[in-house]
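Some structures are shown below for you to check.
The following pair of complexes shares a single chain, chain A, combined with chain B in the former and chain C in the latter.
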Partner chain A sequence: MIPQIEFVRPKTLHDALSILAESGDGARVIAGGTDVIPGFQQGDLRLKSARTLVDIHHLPELKNVETRDGGLAIGAGITFTDLAKHPIIAAEYPLLKQAALTVGNVQIRNRATLAGNFVNNAACADSVPPLLVYNAVLRIQSHTSVRETPLSDFLLSPNQVQLNAGELVTNIFLPKLSASHSGEFYKLGRRRGTAISRITLAVLLKVTENRIEDLRIASGAVTPIGMRFIDLEKVALGKTIDKSFLKSLANELGEHVLSKTGIRWSTPYKLPVLQQMFFQLLCRVRGCSGEAIR
Partner chain B sequence: MSADSFTVVGKPVVRQDGREKVTGAARFADDLRFPGMLSAVMVRIPAAHALIRSVDYSAINNDPALAAICDASDVPAAKTVGIVRKDQPVFCDKKVVTPGDVIAMLLGESEEELLRLRDQVRIEYELLPVLTDYCNALAPNEPLIHPEFGSNLIVHYPLRKGNVEQGFAESDHLLEQTYTTQRVEHAYIEPECVIAIPREGRKEIQIIGSIQNPFTARRIVADVLGWPLTHVRIQQAELGGSFGGKDDIMCLLSARASIAALKTGRPVKIRYRREESILESYKRHPYTMHYKAGFMQTGKLKAMKIDIIADGGAYASMSPFTTWRTVVQATGPYEIEHVWTDVRAVYSNNPYTGAMRGFGSPQPIFAQESLMDEIAVQLGMTPDEIRRINGFRAGSITASGQELAQHDVNLVTVLDTAVGQTAFAERWQENEQHIKPTWTPSCSLDNKDFIEPDQLLQKGIGLATSFRGCSLGAEGTDAAAAYLSLRPDGSASLLCGLAENGQGLRTTYCIIAAEILGIPVDSIEYLDFDTAYIADSGPTVASRSTLMGGGAVKNAAEIVRTQLEGTLRKRWNLATDRSFVFSSGLVALVDDPAKYISFLDLCALAHSTGVNLSAIGWYRGPRVHWDESVGQGPAYFTYVYGCQVAEVTVNIGTGEVHLDHITAVHDPGTIINLLGAQGQVYGGVTQGAGYALWEEITAPNGKIKELNFDEYLIPTSLDLGTITPLFVSGKETYGPWGAKSLGEPTLELTAAAIANAVRNAVGKRFFNLPLNLEEILLQRKLRPEDPNANQ
Partner chain C sequence: MTVNFVLNGKAVSLVIAANRRLIDMLRDSLGLTGTKEGCGIGECGACTVLMNGEAVNSCLILAGQVEGAEIVTIEAIAKHGTLHPVQENFLQYGAVQCGFCTPGMVLSTYALLQTNPQPSEHEIAAAISGNLCRCTGYKQILEAVQKTVEEMNSAPSEHGRS
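And now, the complex of A and B:
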């Protein structure tokens, strides 16, 4: 049950930040509420001492999408529905659009926000792998400060992020990407609709004359939080891309993940499938297969 | 009356309650509030098997938020209830046998306050050994769940026909397999809710709730209160789904609410959250089924030996009836000379199991239809061939020795229709011949384990057939009543003793009455269900509503029509052999259509001359019977037949199964509401698909893990492709114009068809439902609590 709690809806970002500054420890931010509301029901510890909910869902300052420094700055409060509809995101950062369309269902996507997704920082947050391969940088504001942090530093551990009381994520910057990058997002759930991810993968690849010039790999739901595999990416640099190399890369991904998680009850299924589908995904990105995975 | 002379029967009619339900205007029990109404909160302990040592309310007794506490000491008469065996306490005071058990109930105005108080009730208990491996329930050293019965055996049904050992000896081949099915939840959209209101002087109780079977609830409440039935009045609120699941649990909640209402003198509402609903309500039985078949090189089945054990869980509930249907149908729709079947239901500390759509048939159908396919493959036949060789035809003798006569035995017709419609045999063979890549999922994949991308998705097609006895059969008395009253303005009111369960029976009944009287469906007002106004017609179960209730409605409408005909004969001075057509609001002479009167004028005429235009219709099923010692006899008075073809795509890299298309061919007799019939198929197939691929209630140590829909996965609209319902008609003696059953037949064989299709796609056979990702890839389930999970 949701306890009796104060609910405020500031009109501007400025007001929101000053309310947060005044309310101190007892304030919690609510955007779409699709994690917060079930969180109350499930006794989420982060909500235990909540006395005030500050609603930021409607704030226009958090909905903007604008080009900046050749990249794209996306308002933190954009819903997945709006995100998926945005033409620049679709054209320049297609993995993010693909991921957005796999979140929950239409009703959830109409409310759920991009920042809410990674601030909650569940292992299975679907926006995280694409944002990681796009090298997303967050703008974080408080009543008195502004700072910028790469998403990869911001995500600390399950449900923990580098965010202080009084701070809001206000936008997400995606640096410009060369047109010769191609990539894919992949999500495996137990069913097609409203499915919690069992495995997500995001891959960006740039190949010149059959050699790997840039490879970025991130996964979700297989490690305690979504992560990049920098070591693995380095191994791939300059390598000739062919099926046998992709297979060995898939095997190595498995080893990396195993070293992070150890053997868990789900490992006998998840680890081989991760490798198998990573290989399939790389083949698709490479264009070895015309067929969609689903 | 022949099919093409119907006016509304068989047409698509939008259901009466459809608009209210989709616009949110329909009022469910939890939408109702009464002055002074109290909320209720259950007190439980997190144990699957425990002795209750003491219950101490001293910390909350004087709290102003508490209006009253009810526990076993407040139960006036029957302390334990049960539809067959009275083994379930209304409140537990000695022992808890499953975590859903309720020890006490707190009453007060604020649910939130009561939840706070609940944590302060101090209960001391001693844990007892927990029995979860139900296949072991009858072993000598296992704990007894209900020691008063002397054994964990709830029921045992043997069936003996011919000489099975001789049959095996004469067979060319033998095949033996073991199959298991899982425990599943009904997942009705509306969780349990009931309100009890004490009437003047606390001498009567009025109950309004989401109740599947109001007459059963009336009987149970009367037993618990020690009252005559007349003092208990049950009204049904709009019901948000049941699927067989709002029977025992709602009887129990009605009893608890009544006790509290009488104790406090105030209306009491009990409403469950989803978690509590899944925790306490009963489930579909898990089965472990051992099948041995003897068959000839020609494909002819010779002998079958079946040993089935059903997990009844903590209480007997409907197990004695559910497993009886199993014993009747366990060999499937096939003629077999020698049969030896044993079906046992046992107690365990698992969640208790009872009625759920299908009722003892989805489990054996999965086994027997998997077995039939395996036999076909072994003999180099197609699945349809093996079924054509063995399938029931007119005059076939069932395993219980019943001759199938007096109705069209449509098994081969539904099979041929489904096979023809889907080009089944060719496609099945093509997939069989296709070489399927295999890989070994392990921590480090070999080069050869990586699947070529164009081989990742594999197609499969599979089918299953079934037969199903209609209505209750030899389970119990089978009769129903309906009340119809014509008003002077030609409109009518109608009520049947079978309660709407969300399947649309109100509309079906109105169609039947409208057809007989030749008036528009919407000129018939269907009355709200109230046990005070209509005769006990048994429960809304066993796909019997259209057949039994429809028969009663038709009878009532015919009685009234006869009255109107009499009135007209008198007025027109006609001989008794002159007959009439009632159509389009007119009543005309059959042999002189120019002579007619409007239905409205005729009603007014009858009314003004004091003719009785109200009637109670009655419909009774013919006698059936069963010899329990050998499992022989005419179990049901008629049967329906079905065949479903599933087309799937399997991702062999992940184990995902997508349902591309399901073709469902059924023989439900005459269709009354086409839209309702199609709806049954869409819903049944979807539910059957959930059973095949996703749904499972696990209960490590007796405690349910999947307490909400985040973990208990039912299919969404994205998970199923097209469903094509096709109906085959045939002659039938019983039911209104020969309308039989459809609700359960649509669900019972879907999982079997899907499992066969998956086999066709990947070349592996599966023996354990559900076919989830891990089962497909590893051929086992993976569970956090599994001690071998890491190997």
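And now, the complex of A and C:
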């Protein structure tokens, strides 16, 4: 049941930030509502002290997509439907489009927003692994300040982010990527539609003369929060890319994940699936068929 | 608070508590009970309506968020006492059993056909992936939609209404 609550619908982003500044601890932001409303229905503790809901879903300032410094600045309030339809995102940042199309279902994607997906730092946020491999930088505004923070710093720990009272994520910037980068995204859920992710993985690779010049790996759901594997990425730098190296890298990824999660009841299933997925994704990026790791 | 919107083509103005949802406005305030509430958390799609032409879960939208929007519910899909071809084919192909998911299924399908008049089987399945049916097993629903697609493409003028 949704409690008695005040609902405000500011006309501009400026007004929204003023209201957030004035309302203090009792204010919560609502955009698509696909997280907030189920949160109320399921007694989510994050909403327990909510007195005022500030609706930002209709604000045009949060829907813009524009090229900036060779990269792309995406309004934080863009819906996943609009994200998946955007021609530049499809062409330049295809992993984000792929992930967008795995979020919830049609009805959810028509309402749910990009920033809404990650501002609660749920491990299963599908947009996070692609955003991390694209080195996404967030613009965070309050009534009196503007700052920029990489998504990887913003995501602190499960359900904790670097966001102060009165602040709002307003924009997500994806830096320019070389044309020779190419990547893959994979999501495993219990079914294909309307599924909470069990494992998500994004890889982005740049190879020059058969040597790895850049490799970026990010996981979600299977780790406590969405995260990059910087140590593993460094191991791969300059290495000759062939199947045996990719297999060893896949095994090492498993070790890294295990060190983050410890052994869980699902480990005997998820770990080999993750390793296999990782290997297959990299093989697919390289355009070769990847037979199963043995 | 007062909420103004367009419901099934007619302007509506409602005074309502801020914690009420779109589905509450439809069912409780306006008596349009064709829209069903299943899970209440956006998983089953029984409460699907169209908002500005897009399929949405009316259980996940607060009353105040409907301000200025155009809402279409199942009550407006049949016109002048004649069922929409999708509805006809749902009956024809046994795609309705208990009927609880049907309004949502019809609206998800309707929204799909508005933007994609020739969907593949995969596209149809994706469009209704947010609508659970525990009776039919989906086969009959897919058949009904596919038949509708066939009919609409062979006789566009006959069914070319919005």
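We adopt the following convention: the second predicted complex is superposed on the first by the 289 of 294 C-alpha atoms of A that agree within 3 Å, B and C clash if a C-alpha of one lies under 4 Å from a C-alpha of the other, contacts with A are read in each partner's own complex, and residues count from 1 in each chain.
Here, a residue touches a chain if its C-beta (ideal position, glycine included) is under 8 Å from a C-beta of that chain, and two chains touch if they have at least 3 such contacts.
Predicted model, so just to flag it, every value in this text is computed and none were measured.
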item	value
Joint occupancy of chain A by chain B and chain C, clash or fit	clash
First (chain B), second (chain C), both or neither touched by A:Tyr269	first
First, second, both or neither for A:Leu53, with chain B first and chain C second	second
Of chain C and chain B, partner touching more chain A residues	B
Partner chain(s) touched by A:Thr194 [first = chain B, second = chain C, both, neither]	both
From 19-27, 91-99, 379-387 or 433-441, the chain B stretch with C-alpha clashes against chain C	19-27
Common interface residues of chain A - those touching chain B in one complex and chain C in the other	105, 192-194
Chain B residues within the chain A interface of the complex	111-112, 115, 439, 441-445, 447, 449-451, 453-454, 456-457, 651, 653-656, 658, 694, 710, 713, 715-719, 772-774, 777-778, 782-784, 786, 789-791
Contact set on chain C toward chain A in their complex	1, 17-21, 40-43, 45, 48, 51, 54-57, 59-65, 67-68, 108, 111, 126-127, 129-130
Interface residues, chain A side, partner chain B - complex	1, 105, 188, 190-194, 196, 198, 243-244, 247, 250-251, 254-255, 258, 263-269, 271-273, 275-277, 279-280, 283-284, 288-291, 293-294
Complex contact set, residues of chain A against chain C	2-7, 9, 30, 32-34, 37-38, 41-42, 53, 55, 57-58, 81, 104-108, 110-111, 192-194
